[in-house]
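I have placed the structure first, in the form of structure tokens, so that the comments after it can refer back to it.
Chain naming follows the written order as A, B, C and D, and within any one chain the residues start at number 1.
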Amino acid sequence: MLTEALVLSAILFVIGTFGVLVRRNAIIVFLCIELQVNAVNVSFVALSRYLGIDGQLFVFFVMTVAAAENAVGLAIIISIFRHYQTVDVDNFNLLKW
Amino acid sequence: MTEFHPLLPGLIPLLPLLGFLGNGMLALVAGVRGAAELRAGAGAGKEKLGELAPPPWMRGLPSWIGPGAIGAAFLLTLMNFVGMARSGLEAPAIVRYWDWISTGGIRIEAALQLDQLSMIMMLVITGVGLLIHVFSVGYMREDPGYARYFAYLNLFVFFMLVLVMGASFPLMFVGWEGVGLCSYLLIGFWFEDREKADAGKKAFIVNRIGDFGFLVAIFLLFTSLGAVDYAGVFGAAPELLAYGGSTATAITLFLLIGAAGKSAQIPLYVWLPDAMAGPTPVSALIHAATMVTAGVYLVVRASVLFALAPAGSATVAAIGAATALFAATIALQQYDIKKVLAYSTVSQLGFMFMGVGAGAYVAGVFHLVTHAFFKGLLFLGAGAVIHSMHHALHATHKDWDAQDMRNMGGLRHKMPVTWVTMGIATLAIAGIWPFAGFFSKDEIVWYAGAARTGGYGALFTALWGVALVAAVLTAIYMTRLMVMTFYGSNRTGEREAEHLHEAPLVMTIPLSILAVLSLFGGWLNVPASLQESVFGGFGLLPMSDWLERWLEPVTELAQEIHLSHAGGYATASPLGGGAVLWAGIATGVALVTVGLTFRSVSKRGIRPASESGAPVGVVRGLLYHKWYVDELYDRVFVRPLLGASRIAWRWVDQILIDGSVNAVGSVFKALGWFGSLFQTGQVTTYAFVLTLGALAVLGALLL
Amino acid sequence: MPEILFYVFAGTAVGGAVGVVLQRNPVGSLLFMVGTLASIAGIFVLLEAQFLAAIQLMVYAGAIMVLFLFVIMLLNLGHDYRADLKRGLGAFLAFAVTGALGGLLVGQLGGVGENPLYEYLPGPGELDRVFAADGIVGAIARPLFTDYVVPFELVGILLLVALIGAVALAKKGG
Amino acid sequence: MTALLDAVGYDAWALHALVWVPVLGAIAVVLSSEERSKNVAFWCSAGVFVLSLGLWWAFDSAGPLFQLATRTVWIAPWGVSYALGIDGISLMMVLLTTLTLPLAILGSFQYIRERRRAFYALMLLLETAIVGVFVAMDLFLFYVFFELTLIPMYFIVGVWGGERRIYAAVKFFLFTALGSLLMLVGILYLYFRARAGGGAPSFYILDLLGTPLTIAEQLWLFAAFALAFAIKVPIFPLHTWLPDAHVEAPTPGSVVLAAVLLKMGTYGFLRFVLPFFPEAASHPTVVAWMLALGVIGIVYAAWVAAVQPDAKKLVAYSSVAHMGFVVIGTFALTVNGLQGGLMVMLSHGLSTGALFLLIGMLYERRHTRLISDFGGLARVAPLLATAFVVAALTSIGVPGTSGFIGEFLSILGTFERYPVTAVVATSGVIFAAYYMLPMVQRIFFNRLDRAENQRVNDLSGREAVILAPLVALMIILGAYPTPVLSRMEPAVRAIVEYVGSDGEAGALAELARGGAEVRAAAIAPIARARTP
């Protein structure tokens, strides 16, 4: 089942990546990033069957960090929205300066 | 015959230097005081400018320090002169003070040389200088820059003494540039007047062109002879330099550039007429009696070199003759009294150059001395006239030009002493027996013709003719000056005429002394050939050939070289006739010219300057505008140089050099700009590029 | 049986993921996401990670997704979403690149046997020994509080910081 | 005087002190208050000057070439040593530096009003670096100091400068850094080449001297070194950083830049380029190029200077012209030429330093440097005008001032071997008057017709104290330069003879005469350091 799980992980990851690239809504982009994270989690879990419990521990940590990241990220989105009245990522070029 | 021990020779230049320091201090104090007053009244208006009267003590001290220093130097010079005359000195006395420049490659001492030539020059400088200093006490009394004036004047005398006393060419160069500097400062003495400041600047820069030649000559001397001191150079020159060789010719030609710059010869004469912007006593001292004759001194000092380079000598004579004629023509049509005298000076310096170029070094020095007397006198006289005119015009607030002769006339009644003394000087410069100029000028003209036996026969024959014409022109323009200034009716205006009066004693005494010298100065060197004739006063005139014999130790070597290579001088003029006959012809022609000019100018109805326009006629216009030489120089040299400078700055420096530097910078800027295109600031783009990167890495790993 | 279940879960996971990307309504996307997360939880169970599956459902599908929903509702983004999905060259390039990436990954991972990666794997059953010793939860808890105690504490601090940060950022007038 | 020096045991420690006391001063400045920092800096630099005066008497022109030399190991494996020593040339440069710094600091009291502590600390660091450059006897150490000068200067221009200060500072930094990086490559090549000869690794100058190099190698290394120094000098056409840096730099920065920093370039030529690469330096093509560039610099810079509307820029271009005299004097390779070049360096330090100070004083009064904004100032500020005229005349090279001695000797030395070049260079005498006098006239003469100019104050006591020594030295060195010349003579003669012989071993003896005992004394600690 390892191969299948890894392939599933890859597919999910790619779909998530595609979503990040084609969606404009910052929240959906975020959601797609979560998709990527989960895809990676699947690989971890799949491989942990062969390599030991550490993989699962990693997933545990990933989830925790993801929770923190989501909290901060969503707060940023809220604060950006307050400023620009939009969450369309194409309208933001703050990184340029 | 005792041995000659120079008496404190170092003190002679040191005294004027101390005078400079003393007066300089006073000048600075006065300047600081004036500045404080000026600042205090800065809001009050501009009319206060330049009218800040110095306190009385400020006027008294410089009057004593300035002339006092020169007087002391004159006394000391006289004592040395007596000592030298008694001893019959052959070799120059050299007094060494310190190693001035000693690099290991060259050694130049700060040393003074006292010989017959420098002694004559020192006497002229300190003697005439003293008279002019005394005259200045009266002339400059009212000026707020009184102390500064004497400081500059003393500094000038110091440098002039260094020039003639220095024992090496570099030391002469120190004096050479130093007097140029003082000339610059004194011409621009009233520096608030833009034109005067400009004139000073012009004098300095044109002089620097001459200095360039002098410097190159010094370099040539050092490389070809290995020495730059007189003793070394003149000792080595006859052996190391071939007669008529290219090195000797080159050295003399470069020296000539220097001499032409300082002595206002073609083509570098243009600064001297402008230099009349300075106070008139300055014109008398610097631009007539001493500094401008430094070129003649240089040629005589380097007579050995010039004797070795006949081409160089001939060039000197040719340039002198050309200048003498050219400047005389311009003097004919000038109305500014000082301008006439300025061109006259240029012309007379041309005569001296002609003389020394012809190998008649003594005649050159002789004319230098007499010229110092009568031209100094003329300038001082003109100064007295201007002083008087200025007062008269100032008293009635008339804005006429105080120097324009058309505004004068009839001054002989108002200023009798000035009139008589200037009359003597005019007769002297016109070359009428027995005045000083007759003997010296006659000798030069004679030698110009007599030198034709050497290599350049046709040239010297022509120069002789030129000299005669120039001598006639001299008589014409000087008579014209006298008539316009002193004869006829007064044109200054009725109310003004009441204010015209004779100068004070402190000014007329120097005039009188110089008049005496102009009268008898020629007796210094009555030629032996003339002595038995009426021109020699049938032997009544004393001191036959005194100057000739006095200077013999200095010129003897050059004369020997000349004699051994070019042979002796002709004994008859190019048109035949001996010295006595031509002396007679010359004085006769001069007398007739003076008389004719006197009549024709007197008859001419002269109107004040404001009522008469520019002269009519092509020739007169050309002469009035000085042959348009200033304009020509402006077009040919000044403007192209400025243009080239602008091009060098704007195009070469800013665009070509800085541009290419900045272009290199721009290349990297452009690269950066290209890179910044990828920085859109949009997350999606970065995410895409990141993915692309991941794909690339993965592809590289797996494929 | 587990294989069949795996394929079912995998199918719903992929389908949900596609839905997340393609569904224009944010709320719809979110619901697809919940489905995907739930399917992945199922797969975790199949892969012997029951504890994680529980957390996945509780924390991820529950808490975090509700947080997302909150934000969407808060910002009132449920209306104008028609232009949300990119079209044209950008979308094509994104598809091409991600497609290539996916192709590479799947192609590489799918070739079992040829891939040297698998040859070094010790074979399944590693977890069974641990579970036998400590139990399902204990197997995770023991290393978490021994070997990984420092990262564990750090993650705790991280969460606290994120909490404070989120409050500070989202606070009005900050 | 020598008795006094003996009494205090004046020896090599003085050099160490000259290099490091300014650093201590900089620390003291940082620790002091903003208000007091200027006084701390001034008294520190003045103390350094007094200390350096001892060198004048301690240096024996009949003694060995390098004196007061010391050497201790610094980085043993690379053969880097901390070696100091002076010859006649360094002596004069050190004195010029230590004289300039206190005057520049004193001249900045009015001008620098912000971040004083930082400014004065940087000035003192700059002094350390410059003195270090002039006394370093180890190539590595020299390079460190040479680069170290860049940093304070960069900040001085960039922080306290005028409007376009960033542009000027960056330009200055890039120009000089570019050159010195190439020199670093050259230094390393020379180092490895000398090491390949079999000796122990060493950057010590006397060890590197006489490294056998093919003519091609010499030419390449010459190019690498010469570029670095030519930019610093600056030699036409690498000069364009100079006007910008000068105009934007604050007054004390300009003064140090002109009076001392530029000399590092010409000093580099004398100390390294000529002795290390004698064949390249006397190669006809190289000489022809250097002379041509020097002469072009003289004439061209004079022309450009003549049309500058900004007084400071005019003086900056005049620096380029003056340095042209140094270049021709140096590459003529005659005793007179080198002596003249050195005199030009000293004289230029005095006159241009004074001119920059004076223009700075005018700027403080009128807040403008445009020549056309002035006029008639001699009436309200006679002392200032007098000082300016003397400095300008020195810059022109009027006899009686130090400027004349330098120009005369450098052209004379050139004339001995290259008459045509020298004649063209002599025309610079004319052009110097052509650019300098109009400026003097338009600032100090003409009518005093602007109300704001009528309120200009004359020199204050402090300003008079700054200018007096400079003016006095210009005149004294013009009247009696022999003491200076005689101290420099052995060093100059050694260089000329050594290069003239294309680096033959015989001529090396002269150089090594001073080096031998130094080396003997210095090698011992290095040998100890090597044996574990």
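Heads up, the rule we're going with is that a residue touches a chain if its C-beta (ideal position, glycine included) is under 8 Å from a C-beta of that chain, and two chains touch if they have at least 3 such contacts.
All figures in this text were calculated on a predicted structure; none of them were measured in a lab.
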Distance-to-centre winner among chains (Cα means, whole assembly as reference): D
Pair joined by the larger number of C-beta contacts - B-C, B-D: B-D
Rounded Å distance, subunit B centre to subunit C centre (Cα mean): 102
Chain centre separation (subunit A, subunit D; CA means) in Å: 64
Inter-chain centre distance, subunit B versus subunit D - centres from mean C-alpha coordinates, in Å: 39
Separation of mean Cα positions, subunit C and subunit A [Å, integer]: 7
Two or more partner chains touched - positions in subunit D: none
Contacts with two or more other chains, residues of subunit C listed in rising order: 90, 94, 97-98, 101, 105
Set of subunit B residues in contact with two or more other chains: 684, 688, 691
Contact pairs between chains, per stated definition: A-B, A-C, B-C, B-D
Subunit B-touching residues of subunit C, taken from the complex the two chains share: 90, 93-94, 97-98, 100-101, 104-105, 108
Contact set on subunit B toward subunit D in their complex: 27-28, 31-32, 34-35, 38-39, 42-43, 46, 49-50, 98-106, 110, 170, 173-174, 176-178, 181, 184, 188, 191-194, 197-198, 201, 204-205, 208-209, 211-212, 215-216, 218-220, 222-223, 641-642, 644-646, 648-649, 652-653, 657-658, 661, 665
Subunit B residues within the subunit C interface of the complex: 684, 688, 691-692, 694-695, 698-699, 702-703
Residues of subunit A touching subunit B in the complex: 17, 20-21, 29, 89-90, 92-97
Subunit A-facing residues of subunit B, complex: 679-684, 686-688, 691
